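Structures given as structure tokens follow.
Heads up, the next two complexes both have chain A, just with different partners, chain B and then chain C.
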Partner chain A sequence: MTERPSVPFAVLHPYRRPEPRPFRLRLRLIHGVGIAGAVALIGGAAFAQGGTSTRSAFEVILQWSPLLLSGFLFNITISVLAMLLGTIAGIALGLVLIGHNPVTRWTGWVFTQFFRNSPWLVLLFFAMFLIPYEFRVAGTTIPFPDWIKAVIGFSLPVMANVAELVRGAVRSLPSGQWEAAESLAFSRRQTLWMIILPQCVKRMLPPWMNLYSLVTMATVQASIVGVTEMLTLTSQVHAAEGGRPDLLAPLYGFAMLCFFLYCYPIERFTLYLERRFKV
Partner chain B sequence: MNKFALATLAILLGIGHSASADVLAKIKEKGVLTVGVKADYKPFGFRDPSGAIVGIEPDLAADVAKRLDVKLELVPVISANRIEFLQQGKIDLMIATMSDTPERRKSVLGIDPQYYSDSVNVLMSKKAKVASWEDLKGKVLCGTSGAWYNKAVNAKYGVEVKAFDGSEKPLFALKGGECIGYLYDQTFVQGKLIDTEWNTDFAMPLPGIMEAPWMLAVAQGEGAFAKFMTDTTIDWMKTGFIVQEETKWGITPTAYSQRMHDKYKGN
Partner chain C sequence: MMQPTTKADPTPGGLWTPDKPLIQLTDVHKSFGAFEVLRGISFDVMKGEVVCIIGPSGSGKSTLIRCINALVPIDAGSIQVEGQEVHDPKLDKLALRRKVGMVFQQYNLFPHRTALQNVMMAPVHVLRQDRDEVEQRAHALLKKVRLSGKENAYPGELSGGQQQRVAIARALAMRPDVMLFDEVTAALDPETVKEVLITIRELVEEGMTCMLVTHEMGFAREIADQVYFTDRGVIVEHGAPDEFFSAPKDERTQAFLSQIL
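What follows is the complex of A and B.
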């Protein structure tokens, strides 16, 4: 009370929410220690067993890092495209889910539940082995490489999850919004596009980014079906280095570090948005 | 998902699989030969730091492309997808360390003569004074559990095989001195001996036994291409190309390659 003498009877003022702290990815000492520790673990593990004749894990990773990072970039590309494709399809499916036509709504529901409750790897296998490797349209051959199939495979669960996000966000808005719009003679379509969906965007954004983080981490599963992404390259690099057992942890540790450094800021930003939007 | 469902899906999407009537004509028309090779089996097919796939099998593939006067495209394959890729037509030819088995001959068209052969051998400590398989009697070798030859080698040469899971654990045990050598695929042993980590204290003093030939493969029904590959393989053996490749990539030429070279070079 002594700090704010200028505000008498503060209790009578309307409640004001505290301003959220602006988003900043602050690297504190603890982060530095963590990363340095990880690097030391990765680089130092080799010295324990490697003799003078073998190169240290750090040198090996340094030499192969352009190739490994190009693989990582490929993971990012797959995740971004899968998210894009899945979101577009998911919004469409979500609108079907909140539609009035019971036939399309139930069909959409079955569709959503099927893709939401299937293991991602199984969907990936389906996409890999059911889609041909090239299409022939009017005499020209359009190649359809593995990574595009992987994008489709990952976009299926994204679609179903986004559809649920859309449905949930629309349902979570108070029904007063619909009623007010109706009393102002908005049509159902106008209400949806001009009043309901704009309010849904900020409710959907944090879980949507969460989903993106999950998709990014899931893209390494593409290595199982033979897409040349980071994990595939990591194991090939390990083989090219003569399969030294002491390189296993540093090489995979490097992959883990890349994913962590990419996903952690996204996670922090999601938390910030959640606070900001108060969802 | 069965064939019927697959066909239905294809029709639904309005897709026709590109007809693979004659793969040789297709290769010539496109000007590209697509070959499936391994990218994780040194020195047969592995990555260099630029990301390119190099090794004995990529070299063989390059030679086939040169003979056909087309460009070469390498596709990295793994054991789980190589036959699938060949059947789909995604690759025209497979040179991917595949052992010849009757089951595989049913799904793909294997090329005779087989271009290479793996066999069973021992990564032996240089301290062990072993000059022949018979000298192993009463000694202890490390092995990989489940390898089909463990029992046979034990019965024939009276050597005790201490089996471990996978290929990393027996190597550790070997370094730890639990056994005098590691009984495993010769191609694997040779791959290890390229690296200084192994070739200072270990060697492969014995001849390989129980040969298991590897085959090149093309898709079923590609008789013309198969004939071409048979001729190519025989020519490789005649000129000693495979033996040269083994030397180039730092492994001792196998008895099989030498024998085939001797057999065909006279003709």
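What follows is the complex of A and C.
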């Protein structure tokens, strides 16, 4: 507390937005408790079953972790590719949404709403069963494995969401930016690419990263349509260990922990960017 | 949208010469929906002339000035800038906007570009002029508006008055024949209004044709050649500033001035 001379009238100090703190992954007590809880879950369940003939859950996870982690890597690969594909398509669709042509704009709007409001799993099923497993182009056969179809399946909702992000960000810019560009004789295309979109990137980045986090967590749905990703592998490992019920929680807990440790920093970083960009 | 770059003869009725009005408005009408903002406005601005438009809020001043560089399309009437008809579906907007510079109330600088880049962007990308030559000119323009040393500052780092002066330099970089100022000091702190007005006065002294929408009556009186008072979409009264301010004839002008002064 600093001493302030007491004044007989109220003083209104100008509002100062607090400076954004530098980004740091702060591990506080609560995080420690969470991680310890997950470990205890694994270890505790193992201890309860700690007979002489059965191995502890810890040992099981340790033994299978290379396989499980390779599955997790696959999840990440799917999420990154889906995000890449979806973002490129989404920016294109977003530009259609803000375009002047009413026909393409309306078509784009229907397209966007359809993919934004469909369950991701349903889109995944569509991608799985409607895309052929190989293409023949000029005599050469291009195979289309399941995981690529999953990438396409996930990129559809990403596309629709990114399109909405683009549209929203462009709309959120003050109209004065368009007017100033127009009065300086910039063409619409120049205005968009040199003045409007560069300013949108900053606004779009935090929600875009949020979306990525969601996509990563959604990739486990690919196990339902037969892609050998982490969740599929976890269930196979469980079967290989004789289906012991006590392994269920530790094994799936491990999968959860992997996703948490991957997505949580992204989430923190998103929050940091939001503060930093003042959006 | 593609802008034709060939300079066709902009004047169907012969070449414009400096003895004709630089800007000529004839019976301009404009409605937003059912609301008629401009109800038949006519006036001329000669080369080198300084015209101030004053009037109560919502009287159509800003709309009027925006019509001149086709930011707002008009419904009826004629606007000619150096003989080029603005109210024309085949309008060559590039040709028009090269001639007309505009400064806005909210500055509207591009916040992701530095002051220098703000000034350079249009000449380099729109007029495709040589970058080095434009950069030299941009430095000179920033010096002229007393912002040497702020070349690499982003708009967010500048005060309102400084931003507005960058905006003036940015408009000047296109080498316009006429400058439009739309309430350029209305969003500024009282202390910084002066520095912007000084910059405008210097422009006027160099012979720049200017049209100002303003609430700075003292400045209008000092600088204008003609003062126009608009109310409800029509020009109520106009005249030379001394006569206009000391002996307004119309009741509405008298009422307005008595409120302001």
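Here, the second predicted complex is superposed on the first by the 256 of 279 C-alpha atoms of A that agree within 3 Å, B and C clash if a C-alpha of one lies under 4 Å from a C-alpha of the other, contacts with A are read in each partner's own complex, and residues count from 1 in each chain.
The rule is short, and it goes like this: contacts are C-beta pairs under 8 Å (C-beta built on N, C-alpha and C of every residue); 3 or more make two chains touch, one makes a residue touch a chain.
Here the structure is a predicted model, which is why all the values come from computation and not from measurement.
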item	value
Which partner, chain B or chain C, touches more chain A residues	B
Touching partner for A:174 - first (chain B), second (chain C), both, neither	second
First (chain B), second (chain C), both or neither touched by A:133	first
Partner chain(s) touched by A:262 [first = chain B, second = chain C, both, neither]	neither
First, second, both or neither for A:236, with chain B first and chain C second	first
Touched partner set for A:67, first chain B, second chain C, both or neither	first
Partner chain in contact with A:195 - chain B first, chain C second, else both or neither	second
Where chain A meets both chain C and chain B, residue numbers	none
Interface residues, chain A side, partner chain B - complex	50-51, 53-54, 63-64, 66-67, 70, 126, 129-130, 132-136, 141, 225-226, 228, 232-233, 235-237, 239-240, 242-245
Complex contacts: residues of chain C adjacent to chain A	1-3, 69, 71, 93-94, 97-98, 100-102, 104, 106, 108-112, 121-122, 125-127, 167, 170-171, 174
Chain A residues touching chain C - in the complex, by the definition given at the top	174, 176-177, 179-190, 194-195, 198-199
Touching residues (chain side chain B, partner chain A) in the complex	1, 6, 9-10, 15-18, 39-42, 46-51, 76-78, 80-81, 84, 88-90, 167-168, 171-172, 191-192, 194-198, 200
